[in-house]
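Quick one: structure below, then a few questions.
Per-chain numbering from 1; labels A, B and C assigned in written order.
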Amino acid sequence: MAKVFRLPDLGEGIHEGEIVEVLVRSGDPVTEGQPLLIVETDKAAVEIPSPFTGVVQTVHVQAGQVVRVGDPLVTVKEEGEPAEESPAAPAPGRPMEARPPEAPEGLPVPASPATRRLARELGVDLRRVRPSGPGGRVTAEDVRRAAEAAAIPERPAALHGVAPPEAPEPLEEERIPPRAVPPAPSAVSAGAPAFPAERRVPLKSFRRVIARRMAEAWARVPHVSHHDGVDISELERLREELNRKAADPERRLSLTPFLVKAAVAVLKEFPAFNARLDEERQEIVLKADYHIGVAVDSPRGLVVPVLKDADRKSITELAAELRALSQRARSGELSPDDVSGGTFTLTNIGALGGRGFTPIINYPQTAILGAGKARLEPVVTGTLDEHTLTVRLILPVVLAFDHRVVDGADGARFVNRLKALLEDPKVLLVSL
Amino acid sequence: MPKMTMVQALNLALRQEMEKDDRVVVLGEDVGVDGGVFRVTEGLIDCFGPDRVLDTPLAESAIVGMSIGMAVYGLRPVCEIQFSGFTYLNFHQIECHASRLRHRSQGRFTVPMVLRAPYGGGVRALEHHSESREAFFAHMPGLKMVIPSGPRNARALLVSAIRDPDPVIFFEPKAVYRAFREEVPEEEETLPIGQSAVAREGRHVTLITYGAMVRPTMEAAERLSREDGIEAEVVDLLTLAPLDDTLITASAKKTGRVVIVHEAPRSYGPGAEITARLVEKAFYFLEAPVRRVAGYDLIMPLFAREQAYLPNAGRIVRAVKETLEAAA
Amino acid sequence: MVMGELSQETHVAVIGGGPGGYAAAFRAADLGLDVTLVEEEPRCGGTCLLRGCIPSKALLQTAEIIWDAMQADRRGIRFGAPELDVAKLRAWKDGIIDTLASGLHRLANKRNVQIVRARAFFENAHTLRLEGSDITHLTFRHAVIAVGSEPLSPPGVSLKPGGRIMDSTGALAAQDIPSRLLVVGGGYIGLELGCAYAVFGSRVTLIHRTERILGGVDEDLVRPLVKRIHELFESVRLETEVEVLREDADGVTAVLRGPSETREERFDRVLIAVGRAPRSRGLGLEALGIAVDAAGFIQVDAQRRTSVPHIYAVGDVAGHPMLAHKAMREGKVAAEAIAGMPSAYDVQAVPAVVYTDPQIAWAGLTETEARRKNIAVKIARFPWGASGRALTMDAADGLTKILFDPQSGRILGMGIVGRGAETMIAEGVLAIEMGASAEDVALTVHAHPTLSETEGEAAEVFLGSATHLYVPGT
């Protein structure tokens, strides 16, 4: 008997994915566990193994297509079965002719021309609309519903995943809503007219998820950003010394694991920042784990792999884990587990520069810590009348937090404590 | 409302005035069977016959002399000179008679005629076919000098010119003849001769121009607004003589800075008179010297180089910026 | 002639006043854009109106009247032999064209669409050079190329205007009814005109290069027509090509090379109907970098944009099928895209009609295509022999067939042969566009007795519920 293999539930919150690659063709023998396709979900690229052993009869999808959980991927004929699937056609009569069931490659979605026009107008991809009509026909109502659903993002099932920490970058081309009425041509406008050369890039996969998450976090969370500068001169001396001693240049320590460790120490003192707001039940859920997400700039966009149990790992361990995660992020090999479960997020864009920025919270977390590029700055200490001028290495930091959960004063205290830890490594050491 | 080119709009004006007033006659070289060198009089001979649409010999002096005679005797002749460069042949008739008859006869006779002629460059024509010599006629007392800039005002002004009791020199910017279409109402529409119009409102500088130069001037104004936030007011003169100095003075007082644009050569050109008028009437309001963007004091080059001669938006923009910097 | 160069600017320049061009121009004007249509002929309408669909239908309709009169004998009516006044027929046909062409100009006027009679060339990406008009240059923000196609001739054959060797244009001018007519090409144009002339009294020889006329059209749909032309034509020769055509004062000598022999024959006229080619050359497209494929078609996207995004192409010059109704839709899509609307050419079925007697019409997937592409289909046929209405029309050899998706019963294609196919195919097109299934069509009540019933019954054949056809169960 031929079995249809559908996109399985890949885990928390994942309900669709883009087919990156189809690894089998019809006629190929497959064994259970053999990879059939690679699907890129909101969170990671996942190899989908075959649950059956047999011969691939039909591949229902192609690379680039977006599939939802439950969509048919591949039909596999199990061993020892007749080659053809018997169609359940009623009373086949003489004037009919049956053809071998090599399924038509991508029949257009059944929908009336008016519905198709509506879909274009509302920017809805018909293939992604759940049809309500008989025979899988998409109705105008289905399209409207899909457009509304796209406008109001659904609540994610869990707290983790992709969340680029800074404000969303402008897309390659901004979608300009279609004008209903074209501009009246001006007869008097002389000379060569200006022609906008526009190019449309579909919002796909990661970019779409980033867009949705950002909009959701920004819309739901009243953000407050608290900025400060941290004197990391001493920490920097310590780091340089450690790195000089490290034999393997691969094992050099960056600032990030120190920031993670310091953040964890402060979070322990201020548990409301390691929390989420349960809006339905009107409760603040304080987390017992310290899973710190770290934003990584990958070729496909920003991803946030999570350093699990950061409180129980040493700075060197965290550094090694971060290196491994970043590598996987850049090669697109992060597993859904790598990006799930974060309770607080760190975003360090110092490598790229920046004096200050306002990160967007990785919703539904409560806070995100951002760091810019450390610079040598003149620092004046003392009183108005008696003062000294020194040059110190100052790291711009910003804490963005959910004002529903904590107040501005809490944020200031959090950052003050963080400063104290980072400015004197001895204090950091005793807090670990 | 139908959209028309300037050629079609002028044709509409002639047709409607001829329908309305039997005294209106059209004469000139090839205006009848051929419909005119630029097709402005196309089809008129079919409607009104050869008695009212006269194909004349190739003799400009005769065309104008005949028109003057017709006008004095009660007709309303509209003569066409194929190019303004050919009006020198009828100069004597215009200067010595058309402009003077009212004065000479102490008001007993007037000369209600219109001399239509295409003027200006930009269409890659030959020698004598591209000049802008409107100053000759604007300089002559007793004449009115009208230059429209678009289909709609061309039609309205031509109707007014035909109905005017005195001789009107009506120069048509041939670069605009078919350059764009504009809505022109079927119903009668006139514009008073002697009144200029604000084509674009602004507050930083006034650009005064007319005819074919309105388009590059408007383009320059849009560019200044878009790129530099400079809001230029554009005045379209429409009539050169008599000059609407009320309007240009008011605009100059408002902005304090003036740039004049014309394709006629600079020296003794219309810009010189306009500048003088502003100095007389708005001197204490001016914050910078008045500038002129004009044709050069050269024989108009042949078509390969005519674009280098004609003012364009770039030259106008530069002049405006210099004017704004001058006294800043 | 005007002295100097007068240029004009417009928002949308449409090149070509055929169905694609005028549909684009009118739609753009209705959307508020300033539109100039450049047409080199004195009248708009293009090939379709001036020398294609409309004049050929005028002749074919006339032929049908004669044919019916000749067949009326079996019903007990006898007419005398028809007398054909060719001059009057021509005048009547030209009158129809005049009515429609002047109607187009009135519609253009009302919409403020300016029509400029000139030949247009692209001087650069925003300027057209116009030849033959008072306006020498037209600058535009958007352009729509709708220059259509032209008849092809076999190598070595040259056509003189008014000569005895004609293309479809010459044949539609209907100078006279030649006593012997050679038709070169068994495509729809050759068949339509060949049939008309045969009924008008010409002895017609049809030659066709391959072994099947109307190649690409399903064989069961072509069969009744093949039968008819064997009755109607003096000779039908397949796998035959023209070797030489020599025109002289009173005829044409043709050397025809067939599969077994090469013959020399005399004809009064020769109609060349071997296909049409897009007119993409000589417009200056190369300099703009507008991509054209090997066959000369301008390549376009779903909005009918060329590789230069503010220039669009529609109709025959933008690809197959070369049909007026496809061009009109494309023209509207292009105009809407220019106006900033989210329009797209997402048509799923373009109906095609061969106006012979019997007519052949099809839409969507054909059986031939399904076989070639290995697409699984179920095919239900309803032969017209089972239709009462068809019998009253002497059309028992007709056939209606529908192609279904075997799983869902969705209608993928339809083919019809028989009188009235041109109108009936509309139901199939609508069904395909709506994503309708066999049940949708079967449960729609069709008037009885009509030929359209055969469509409902074909759907019922698929479902096993046909009334007028007994399909044994399994």
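A few points about this structure:
Everything below uses one rule, namely that a contact is a pair of C-beta atoms (placed from the backbone, for glycine too) under 8 Å apart; a residue touches a chain by one contact, two chains touch by 3 or more.
Quick caveat: nothing in here was measured; it's all calculated off a predicted structure.
Annotation: A-C is the more contact-rich of the chain pairs A-C and B-C, by number of C-beta pairs in contact.
Using the mean of the Cα atoms as each chain's centre, the chain most removed from subunit B is A.
Put simply, the chain nearest the middle, going by average C-alpha positions, is C.
Each chain gets a centre from the mean of its Cα atoms; for subunit A and subunit B, those two points are 66 Å apart. Once the centre of each chain is set as its mean CA position, subunit B and subunit C turn out to be 53 Å apart. Looking at subunit C, one finds that residues 9, 34 touch two or more other chains.
Annotation for subunit A: residues 187, 190 touch two or more other chains.
Among the residues of subunit B, those touching two or more other chains are numbered 180-181. The part of subunit B that touches subunit C in the complex is made up of residues 2-3, 5, 7, 37-39, 82-83, 123-126, 129-130, 174-175, 177-181. On subunit A, the positions that touch subunit C within their shared complex are 87, 89-104, 107-113, 116-117, 120-121, 123, 133-137, 178-182, 184-185, 187, 190, 192-193, 195, 197-198. On the side of subunit C, the complex with subunit B involves touching residues 2-10, 34, 109, 112, 114, 134-135.
The touching residues of subunit C, counted against subunit A in their complex, run 9, 11, 31-34, 126, 139, 141, 309-310, 338-344, 346, 348, 370-371, 374-382, 405-410, 412, 433-435, 437, 439, 461-464, 469, 471-474.
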